[in-house]
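Below: a set of structures, written as structure tokens.
Each of the next two complexes has chain A plus one other chain: chain B in the first, chain C in the second.
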Partner chain A sequence: MNLIAFLMAILFAPLLVSIIYKTKASMAGRKGPKWFQSYWDLSKLMRKQSLYSNATSWIFRVTPVINVVASLLVLLMLPLNGWPPAIAFPGDLIVIIFLLALMRFFTILAALDTGSSFEGMGASREAVLSSLTEPVFFLILFSLAKLGHSLEFSKALLQFNMHLWSQDTTSIFLLAGAIFILLLTENARMPVDDPTTHLELTMIHEVMLLDTGGPDLAWMEYASSLKLWIFCSIWISIVCPIKSSGWINLGWVIIGMGLVGVSIGLVESSMARLKLSRVPLFIAGSFVLTLFAMIHIWSAIG
Partner chain B sequence: MIHALMACIGILGLGALFSLIFSHSPRILRIGIPLSLSMALGLGLMAVAHPHKGCFYSKIPLGPSAFHACLEIKLDPLSSFFLILILFLAWITAGFGMATMHPSEDKRPMGMHWFWFHILTGSMILIIVAWNGLLFLVAWELMSISSFFLIGLEHEKKEVRNAGLLYLILSHIGIAFLLFFFIVIGKGGLDFHLISQIPPHQANILFLCALIGFGMKAGVVPFHVWLPEAHPAAPSHISALMSTGLISMGIYGLMRSFLFLEPSLSIDWGFVIMILGMGSSILGAFWALSQRDLKRLLAYSSIENMGLIFIGIGMGITGLKIHNELLALLGFGAALLHTINHSLMKGLLFLTAGVIVHAQKTRNLEQLGGLNQLMPLASFFFIWGSMAICGLPPLNGFISEFSLFWASWVGIQSSHPDMFLVFSVVVGGVAFAGGLATLAFLKVSGTVILGHPRTEKSKPHPLKQSVKILLGILTLACLLSSILSVQLIRAIQPILGLLTQTQPIRVHNSLQVFKISLFIVTGLNVILMGALAILMLVYLYNTAHSTRTRTWDCGYDQPTRRMQYTPSSLVQPLTRIFHPFLKQYSRMEYQSVFPNKMEFSTQAIDYLKEKIYIPMMNYFQQWINHGKKLQHGRLQLYLIYVTLTLLILLIWNGMYR
Partner chain C sequence: MTTSTIPIQNGQSIPLKKIPCVSISKFQEIVLTSVSRGGRICALWGSHWEHQSQLRIMAIVENENNSLEITTSLVEKHFPSLAQECPQIQAFEREIWEQWGVYPEHHPWLKPIRFQKPLQPIQSDKVHPRPAIDTMDFFQVFGEEIHEVGVGPVHAGVIEPGHFRFQCHGEEVIHLEITLGYQHRGVEEALWHGPHARSLHHAETLSGDTSIGHAWAYSQVVEALMQLNHKISFKAELIRGLALELERLANHIGDLGALANDIGFLSTSAFCGRLRGNVLNLTALLCGNRFGRNLIRLGGVRFDLEASRKTELLKKLETIVEETQQAVQLLWKESSVLSRFEGTGILTESMARNLGLVGFSARACGLKRDVRLTHPWGIYQSQRLPISIQKTGDVFARAYVRWLEIQASVRWIQNSLTHMPQGELLIPLEKLQPNSVALAMIEGWRGEIMHIALTDPQGRFQRYKIVDPSFHNWMGLAIALRHQPISDFPLCNKSFNLSYCGHDL
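Showing the complex of A and B:
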């Protein structure tokens, strides 16, 4: 039973991306891609030949693997609402953050490995924005741990039930908002980054993959859909007040994931991308929400 | 084993003499110096590996017993820890220096350099084992002077002379505070055993002195200004030893003085040390990422890491004062772990930087690039070191950051409500510093190591076998100290017991939960590496059919090497966001109205140095100039000074009788 959260993620992470695309398409009055289009894309890419730049080194080759391995390891430690994770121990949330940092570190290095100025641009933006999101992410997870009274992430998240919701509504609301902003930033979603634009100059994450193709691109895309799943499952575990480890949890997960997917799609269709110099302020917004949540927690215990 | 320890110090002294005698015969030095340092390391290990956990106390008589003058030395768990660390680092850096310094390129005899190297190592060992105020101070002074001469190897350069002078002045300011500290603390005598309970108001002043004196050596902000000047000026193996061993002596001194004053200190000192630590980790990382000089960047990163160690010590003191035993143990534990880990990875980075600088003949990051194509092995070592210092799993930096965050969680959970806010700030600060440091090292690894070389460069000579082995040892050590972290914690338990005054068995039991999670983390690291290896095979099978081509530059037909992102353009968005803290001077020189030759240079400014230290020093210099009137070189008048001083002292003595 402990592996079910992990298996769900492996199987359905690309579907979550499809939900976002479907929502965006229906908002724009289009039919949109097929539901399983992401899977077809992955299998098509897997069968292609890969092409490497002369400039690249072993860094470029290990990056896709590190991305997949690190996100799979994070998923092993992540609960999915009521379902416990496979591995849990006090301090696992610290490991989760550092594994995500490992992913990012190598993605940026691989982008710079090509020596392309476009990829350098993306790497620069990603590096700077992630150095700003990292402290916010730490503070959010530690505040969640404080609310749940445990450094064991799954144990802390299991505490987010009706009782805690009625007790600490304000701080949970603030933290859910903060983590939603972080979700959009870390996963290169709309107000921060536009993955679908045709101009490489304005992208952040996608431009770093310009030289990645074929199976490499498939691994990277799969890893980034896993990363999106990771953030969404943290969000669901905070927001959903009903925790049960039985099959009833499946219903909550489907509703939750659908809700996150649709809301990301709505944000993407209703907002324009922020000016790049404004993005730090967007992250600062998340920081301020976390700060208020922390002050609220403090005043409750003080 | 007192004999082994004395022999270790003796060997270092003999080595110093030896290098002076054979100063002009590099062949003999090449065998003798590694031999003497290896023997010192072996003897040091023997001294520590004693059945009584290496604990002993001994008096060494000075002259005939009628004088009752003796020097006390003592080896306790804390000293054993630093003893092994220093001897290991000296061994590695000496080997590297021996292999990379070329007597043929360099006309000056190397004997003097190795003389001071031995003196430096020996004086650090003496500081560690000293149990006598006088011995400690003399050894401390020797350490400062010998490292001054080591920095000044290339003294014909003006920047080296300036850096050395700044270092000498600031270390002596530090020594002045330490002198006061040891005189007041040893009221009954110089033996540290005579130190008794000190009243709180006195203890506060004394601890402030110790903090300034030892903080000056550790290089925490605001006492850091010598560090980024001295490290680039020194030859690489010296900067490696200084940035790992020498600044760790500041940590040792701080822990020792804390042990002397512990009962009378207030909780505020824990906060003060944490604030200093956070300031230096965040500012150090900020300055590191805006540097253009490879070794200067590494020096600022040392300041950042010293800050992390200070945060650990501050947490330990706070934990003791709020009677939270686990917090105290974990705080000090994280500080000690990071001391080892930082020494290993910074040693690796500085030595690799030495290889790079030697091969490329420049330290300027903007001119370096694509080193991976020119020197693949050195590039691998550098990327490995950067991963470690950014705290990425599975390497050792991750373990010390994990412990630091775990400790702050214990602080957050403690019953004291205000501690939640204090330690949340610590979490945010450490994470912010970590993010900035990652950016700094991404800048070096990404734009200097990877990509295309910026100018046409020929392949440098391959690395020497001995350099490969030494760097390989450090590389492996970075991995091993992560994999063996539980054993490492177990090994430092006696020190934690000493620092927190707890029974060993209680230390063992309190740390049990932490050790279990550390064990699981180690397991995860192993799984990470295993899964990486397996999936790598799948991936290589998957991408077996591949071709090589040019980098895709969005349809642009003529991409050149100069179009690559440069180190400073990589961090430009951040320097723009935080421009008030990261002021940069830029200078542009036009030659004529029409565009032809133009010069442009930018420079990152260390505010503290420019706005506080330099004006303060200038002011002092003016003030001290008045004193010159007294010093005129006439012997007769000097004799009058001596007589007058003696007279005044006699009268003073008579008044207090």
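Showing the complex of A and C:
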């Protein structure tokens, strides 16, 4: 079993969030939080007590567990550039999509479980957006499988080497763009959602966690940093054409993750958040990129 | 008309006996006529019980040619409400009902406005019991897909308390009702039988971000009653004006940053937040306090601005202007910002006129309402400013009017300070005129601040009425949000940035 990719994720996912915050801070002329602030926050929350409203049921309590477990399972199936995953089997990309869907499904249910009007609004927004992102995510993963000639997701991603890059540059570019848009949407980043705002009426993801506290909140936060890592690692595996499994790979991963973090930070500092009613158009952008990539792939093959 | 009203000017005091007392129908006719011709109600308040059975209500209306008129009437236990024909009167009528128990008949939505105790024991209270703050009704929309969202009074950010009740259809707000009163401290009551030693302090702390505005309004009222208005030295007036414009600069710059923050536009938000602090430091350079507390005194100002500090202030101001220019221009250049600002929270000119909006919110709808131009007082009588107007009435207009005013205020400061006149900082005070009414209007950064004082035979305040611009404008926010996405509420709210404590008094 190859666990390096998995271990990297569980250790360094919160650090990726710090890279984004540091970039945003330096763009705004501030110092920003400490590099390891995400870890201190998690450990602070872990030492607190979880409080549960009388209105909530077991769904609210089980959601943090499901979120963490599901994201860890996905990570077990993902390669990290050249490092192969621990688990791989043909068709695992469908499992990946559904595990991510399961996370969201329970987060939405838990939000509705609290009976709060804010969380209900957040749940409804999340449901609308995910109904748009999920089909796009399906198309992207199947295009990747087609390009990598394998329904075993990790095997397909490992095919994205110099050879494939020189062959299918256009479609890889289009897909990388599509995934980046999806990454911002799925991880509640700007310009779709503002993770730093305090305005509960405008939030999408954060508002669903308003009643979650203590260790539960820590697990939810940790799960969302893992989810960010998942999308970033898919992105890196596609755009980085050099695959190996030794120190060279470590270098590429550090450079790649750093670049993704910085580019998310740059996007977040350079534009205002979209009006909520325009977010579907943003996701449609990702769909169009995928569509063109698919036309390119199939016409090249056909 | 000549016998039923009497003209009054900003900073003027007139004997109470000169004010005509007309019947309530005549009183209401005067108000309605003025409003229908394009005027507005500046203030309308219950003054005191004449003979235990009749309440004296007074009104100051501004006609379409900007002349001010004052009139009074006596009412008993009730009077017909005008709120149906004249929406801007609704809050004033609710206030009279709440403070004195006089019932406005057929008021469309009669609710307490601050949940304050009556100013005098109310005989008619049993006839029309008032709901408590936790049991009152909200306007409701019914339907299967309608949901209700209640926000506050405790908010996520460190802001003042107020309750917002949204009736939504999906993301769309059908109706917003705003309930205030959580900040009621009894400022007007504290000023009764004044001026006390702490009265000026009460005015200064009436609304934390408008210290200079309210302190100046209070001083102007008292100085009017002392017949001192034209004796205050030019120098003292100039320093007061400088402080008021610095207050405007600090708040406008801070709010542009806050608007950027609400849409997640970081650079402008971070820089404007810092620059607001720099402007506050200029006020501190002037008087030692960042909010200008203790600068304005009855009869003048407490601190001089010597040549060396003046030069330092102007130099620092120049740097601030340059940096603000850079930070704010980002807003107008970035398309993602404009797409959030433009077309959001629109108030048309006719709506703004009907609701009686004041200040930059009114100017953003195309209304030429600026006390500095229409009723100039003090330094503004000689040192004029251009009016900043936008027509679209959306968040963009309210933001851009602020930017225009920032530039106008800076130029005003730079021009006015080129020559520093000589003069006394403080002049000796006189006795207050007994049995008089005096009026002061100040264009604070938020809009028209009105203070009215009525004195008793001993020359003490018999009634002190304060109308903060927020009192006129809160309904504007509620109406601007109709048919807007609920996620744009924080942005609309910040674009008005109304005062809770100024409203609640």
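The rule is simple: the second predicted complex is superposed on the first by the 301 of 302 C-alpha atoms of A that agree within 3 Å, B and C clash if a C-alpha of one lies under 4 Å from a C-alpha of the other, contacts with A are read in each partner's own complex, and residues count from 1 in each chain.
One rule holds in what follows: contacts are C-beta pairs under 8 Å (C-beta built on N, C-alpha and C of every residue); 3 or more make two chains touch, one makes a residue touch a chain.
Everything numeric here is computed off the predicted structure, so don't read it as measured data.
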| item | value |
| --- | --- |
| Contacts of A:E200 with chain B and chain C, given as first, second, both or neither | both |
| First (chain B), second (chain C), both or neither touched by A:K24 | second |
| Touched partner set for A:M121, first chain B, second chain C, both or neither | both |
| Which superposed partner A:L157 touches (first chain B, second chain C, both, neither) | neither |
| A:A272 touches, of chain B and chain C: first, second, both or neither? | second |
| Which of chain B and chain C A:D211 touches, first, second, both or neither | first |
| First (chain B), second (chain C), both or neither touched by A:L175 | neither |
| Chain B or chain C, by number of chain A residues touched | B |
| Which of chain B and chain C A:P191 touches, first, second, both or neither | second |
| Partner chain(s) touched by A:I87 [first = chain B, second = chain C, both, neither] | first |
| Set of chain A residues, in rising order, touched by both chain B and chain C | 117-118, 120-121, 124-125, 200, 276-277 |
| Chain A residues within the chain C interface of the complex | 24, 27-30, 117-118, 120-121, 124-125, 190-191, 194, 196-202, 268-269, 271-278 |
| Complex interface listing, chain A residues touching chain B | 46, 49-55, 57, 59, 61-62, 64-66, 68-70, 72-73, 87, 89-92, 94-95, 98-99, 101-102, 105, 108-109, 111-118, 120-121, 123-125, 127-128, 130-135, 137-139, 142-143, 145-146, 149, 151, 200, 210-211, 214-216, 219, 276-277, 280, 294, 297-298, 301-302 |
| Chain A contact footprint on chain B (complex, rising order) | 370, 372-373, 376, 383, 387, 390-393, 398, 401-402, 405-406, 408-409, 412-413, 417-418, 420-421, 424, 427-429, 431-432, 434-436, 438-439, 442-443, 445-447, 450-452, 513-514, 516-517, 520-521, 524, 527-528, 531-532, 535-536, 539-540, 542-543, 545-554, 559, 561, 563-565, 569-574, 576-577 |
| Interface residues, chain C side, partner chain A - complex | 147-151, 156-157, 170-171, 260, 262-267, 269-271, 274, 334, 336-337, 339-340, 344, 485-490 |
